[in-house]
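What follows is chain A paired twice: with chain B in the first complex and chain C in the second.
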Partner chain A sequence: MKGGKLTSRDSFWGYVFIAVPMLIFLAFTVYPVFSAVITSFQDYKPLGSEFAGLENYINTFKNDLFYKAFKNTIVFSVTSVPISILVSFMIAIMILPFRKKIQSMYKGIFYLPTVASGVALAFVWKWIFDSMPDGLLNSVLGVFGVEAQNWLGSKKTAMLSLVIMSVASGLGQSIIIYMAAILNVDPSYYEAADVDGARLWDKLRYILWPLVKPTTVFLAITGVINGFQAFQNAYLMTGGGPDNETTMVGLLIFNRAFKYFEYGEACAQAILLAIVIAVFTIIQFKVNSNDVEY
Partner chain B sequence: MGLYKKYYGKYLYKGIIRNILLTLALLLLSVVVLFPIYYMIVSAFGPAVESGGGSYSLIPRNPTLDSFKFFFQFSEYSVRWLLNSLIVAGVCTVTNVIFAGLAGYAFAKIRFRGSSFLFYLMLIGMMIPSQITQVPLYMMLVNKLHTGDTYFALIAPSAVTCYNIFLAKQFFTSIPTPIIESAKIEGCNQAQIFIKIVSPMSKSILAVMAIMTFMTNWNTFFWPFLISNREEMQTIQVGLKNFSYANTTYFAPMMAGATVASIPVIILFFSMQKYFLEGVAVGAVKG
Partner chain C sequence: MKRKKVIGLLLIAGMMASMAAGCGSGSDDSSGGGNGTKAEAQGDTKTEEKSDKITAILPPVTSAYQENVEDYIASYEEENPGIEIEVVSASWEDFSEKLDVQVNAGSPPDIAFIGSGDISKYIETGMLLDIGAYASEDMLNDFDETVLEYMKNGDSIYGFPAYCSVQAIAGNKELLEAAGIDWQNVQENGWTFDEFREACKKGTVTENGEVKQYGFVSACSGVSAEDYFNIFAKNAGMPSPFNEDGKYAYTSENMLQLLQSYRDLIDDGSAPESMSTIDGTKKNNMYLTGQAMMICKGTPTIEKTAYDNTKLLESGDSSAVEGSIPVESVFLPAPTFDGQSQNAQGTIDGYVCFSADTSDEEHISNVIDFAYYLASGETAAEVCRDLYVTPVCESGREAYDKLPAIEGKSEENTKAIELLQEQVAPARPDISSEKMSQATQLADEVIFPKLSSLLSGETTPEDMYNAICEAAYETFGEENCA
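Right, the complex of A and B next:
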């Protein structure tokens, strides 16, 4: 694939071209990873840290909040990711029969929340979830006879509220990726199905859904990886409350490091998070690689 | 024939009814998705009073620019926040396009010892959760090097991302090698080839990279929030948070600031929508 013989002149330019990116990569990715591993075995002190063995890990495993944060992270990911995947698949299908221009318009509309300021949107959603009976969501649901809820303030609904917000603001990317996959499907599959008298539902269920499975797997994996790292909305909207019901691992690590300044324990928690993400990703790949061609 | 049935002749109306129903459903969903942005803009024209937000209306009754004035007078650094965001996002965009472009080309088309090892190392780097690096980065840049509250700390960690290098490499691999070979025979070195031949062919991928990088860095909150203690070094996203206190929020002024901050990216988005949508799909399909 690559051009020509291994000439020293070419090699020289190769190293020149990657020099700056490599320096930045070493300084701001490789070094911090090693530093995180080392710090996780240390009791951090501004003037010379001390070796602390497994203390940070042991403290983490003894901490009930760690398990709660992990549970919350899993609840958040396994609800928001499948909902978001199904809704974006549905919307992609609904956009399909329209002309190209109209398709792009809808893609643009659903992508727009990603473009707007996330900080501002978090505060708007906070207002949408206002607990007063005349709060926006409460008044809309009131029309259908649903009682006013203390959305972000009650243990029952706080996580649900974060899931709703994350689904509504994050559809654009999945819709665009699904559209690209759907438009790639060879029309002859549908023609064969038409001959057999298949209905729309049959074509969706037995042709399109299996054919776009690699895309679904991709969205599921990236969605869960992002879900495991979710931080911003919980931090800005609930601060992890009520009673740590929305404290997820991202927020837990942030508080450890930048509220209590326990860098060692924060690094230990971050490494455990990375291990969980890595194991999860490998399992997903193994499970799906059996019947998916990339 | 595609996924949907096509209707002809006297059944044409069935297709029309179907499209009308789909349009209604899509418009309803669009309203849900766009509402927060609509509300952000509407509230920006509301009165600049302290409030949790509940008392605002969905339609501006007496639109006023007071909240915009309040936003710009709230801090002596209000304009500076916007400027800081522009500097950070602008510099990151330029460095990413140049350096990720060069490195992507080198990994795709130049043979040198260790190239595939280094490339896979970067791929692994791409998958490392930010939580791992954030604490050590903070310790290094703020505690050790004392570069907190500097542009260096705001910019350097995102100056070239592994993701952009990956994106560029994927694209450059598809450029036919004979073009590069013949340029070499003509006596061009790799630097000349990249500047004169490869980059003109790659305008669209470089544009995609530029736009996505600018938007990401313009909207980023977490890192600037950690790094900037002094108001004068905050970016606009961090600045917006200053309008919120423990018990109350200057909601309308905050939304005025958010509207001002969103206008450049929304304009950029609509004028370059093609590249944006392409960029989102490119990363996924080729990955």
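Right, the complex of A and C next:
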């Protein structure tokens, strides 16, 4: 760069450097998306697919399980995301007063499940949710006189169990992001509030919460996107049962593609899911971001 | 600045090269990563002699299988100097995924080991080879006809069966005798559901209002529910999802009776209320710790599991199952319903062949020959020995007789297993792969999810039956349902 002006030679090198990530993006994101759109209009066969028009979309809309899976996915997202945000915000505040070393220790503890393998986590959670009276959670609740619950086998508690698992296993990242955001808040706001005689709740309500709103919006949007794509926990913990009460759209797509080899219908469902996620994301941006400055 | 750009460009070139290398496929050089257990040719000279390469994907059929398969390959390659075998081994968890990805990408392995129930799924891809057109009469005649039928669809034969195992019930001999159950008579003559139900009640032990031992426990979590359903449905007058007239059978009154029986066992207190969440590991644990008198599914190898664990207990080995007791396991048939005949649930798995291009007949002939080699003779004998079942081909039985006897194997169990092998429900090659796939989908989306709900007491047998009928009428049409 000479005199703040970009020369054509610099531009050339700029393009060369962004070429690699662009190629990766084109090969592993854009191409699969286009390919999925095309496949959604085909009767996919490995040795030659045939054009099927809107048949895959019509079959999807005629399938009652698709609507049930969508309902389950929405229930899962709208319960797990706010709970996760609230709990991680509270934990971040609680960790903050500690010394740096203790803070790091807590951050490490809460982040550990994020690093652990999903399959290993599922094993642990299956053990926790053991439905026998001597199961871990049932034993603990038994002390308080709560009857043993069939956590993963009952329609009443299966979804709740997945939400608990999702929240408890996914707090680490949100806590770290919240802590970074909270540390960025100028301490002079708190000092001014102290002078005005503000209590802890007032500082949280009128200073901290509004100032970390961009982080909250970010966590809400990424949380909802992840929630809509939820697959692993339902697949490993309940298999979608009982009575399809925990069948999520992600699991439905997986089964359609890899169990029944109906790739066309699976792609149609995936495209519809992507549209719904996009709509939800836009709505969230519109509703939550009016007073947010980035 | 210029130097930095050159370094940057070199880095980019390096990344691009590694990407290209990573994405490259179809290379004949199989020395790359992965978990392939390729039987390498000995020395460069020998490699040059190889003229045909056969690829196979194999799961751990038995605990010793993946180790033994290298010897089988070495022996086969020695007998067939022009052939090179490349095997990709995979765990049971990864196996289906790996195979499905290869098949749907249009580049399947030449040989794969699959369950006969999955044949219809792969037929739909158009790449499963009809081996009937290539295999010699001698090869096909080597196998028991009833078992070979399982590898058929229509008039086509899609593979060689490796074994026919049976799934039924396993019982703790000591606890059965303590409950006054004549298990030897049951092994020989079978039992009705009412007799079975009574036995379950007798085998349930309660202390201070708490159940210490259940008469019966079945694994019903996830895919295990499928086994529980299939084992009992076969003896309830529904040996196949389609009756002899080709009509969907699970809408018959027999289904309602079967669903009621599942509830009866739980309502009697003979089976745990939370049975819908018990998985295979938990079920086996309850069996070995004496918390369950009988379990489902019982496979022939549960006898070996119990025997090995008892040996560990006797030698004071800490790797024995925690809290376990010495168990002598007896193999029992599933009960029959209302005068129905015994139709045992058979697990017939075998070697199927794929081909995206059938023009190279010599290669196909080599593939068929190697698949037959894996499914017959000594290979079949060793696999069946490990699974505690008798081979399903003449050459396998001849080789089996020469193998040393298995230590601690019960004669009574062997006879009971052989009897059930003869009573395995007949195969239904007359049902089209499309109809079979529709039935599988209906079972996956309606029957099994509702079954777990029924076992939890949140759906009644009548509601579940009505839901099955409704879904079946929609799928097959009311006139095509029993």
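Throughout what follows, the second predicted complex is superposed on the first by the 269 of 294 C-alpha atoms of A that agree within 3 Å, B and C clash if a C-alpha of one lies under 4 Å from a C-alpha of the other, contacts with A are read in each partner's own complex, and residues count from 1 in each chain.
By our rule, a contact is a pair of C-beta atoms (placed from the backbone, for glycine too) under 8 Å apart; a residue touches a chain by one contact, two chains touch by 3 or more.
Computed from a predicted structure; not experimentally measured.
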Combined model on chain A where chain B meets chain C, clash or fit: clash
Which of chain B and chain C A:13 touches, first, second, both or neither: both
Partner chain in contact with A:255 - chain B first, chain C second, else both or neither: second
First (chain B), second (chain C), both or neither touched by A:263: both
Partner chain(s) touched by A:46 [first = chain B, second = chain C, both, neither]: both
Touched partner set for A:154, first chain B, second chain C, both or neither: second
Of chain C and chain B, partner touching more chain A residues: B
Chain B versus chain C as contact partner of A:22, first or second or both or neither: first
Partner chain in contact with A:280 - chain B first, chain C second, else both or neither: neither
Contacts of A:132 with chain B and chain C, given as first, second, both or neither: both
Partner chain(s) touched by A:229 [first = chain B, second = chain C, both, neither]: first
Of the stretches 1-9, 19-27, 181-189 or 199-207 belonging to chain B, the one that collides with chain C: 181-189
Chain B/chain C common contact set on chain A: 13, 16-17, 20, 24, 44, 46, 126, 130, 132, 258, 263
Parts of chain A lying in touch with chain C, wherever the complex brings them together: 13, 16-17, 19-20, 23-24, 44-47, 65, 126, 129-133, 148, 150-156, 238-244, 247, 255, 258-261, 263
Footprint of chain A on chain C - complex, ascending: 5, 8-9, 12, 15-16, 19, 96-97, 100, 103-106, 121, 124-127, 210, 221-223, 272-274, 276-279, 282, 356, 437, 440-441, 444-445, 448-450, 452-453, 455-456, 458-459
Interfacial residue positions of chain B with respect to chain A in the complex: 1-5, 18-19, 22, 25-26, 29-30, 32-37, 39-40, 43, 52-54, 56, 99-100, 102-103, 105-113, 115, 118, 121-122, 125, 127-140, 143, 156-157, 159-160, 162, 165, 173, 177, 180-181, 184, 189-191, 194, 215, 219, 221-222, 226, 236-237, 240-241, 244, 249, 251, 254-255, 257-258, 261-262, 265-266, 269-270, 273-274, 276-277, 280-281, 284-285, 287
Chain A residues touching chain B - in the complex, by the definition given at the top: 1-6, 9-11, 13-18, 20-22, 24-25, 27-33, 35-36, 39, 44, 46, 91, 93-98, 104, 106-113, 115-121, 123-128, 130, 132, 134-135, 168-169, 171-173, 176-177, 179-182, 187, 190-191, 194, 200, 203-204, 208, 215, 218, 225, 228-229, 231-232, 236, 249-250, 253, 257-258, 263, 266-267, 269-271, 273-274, 277-278, 281
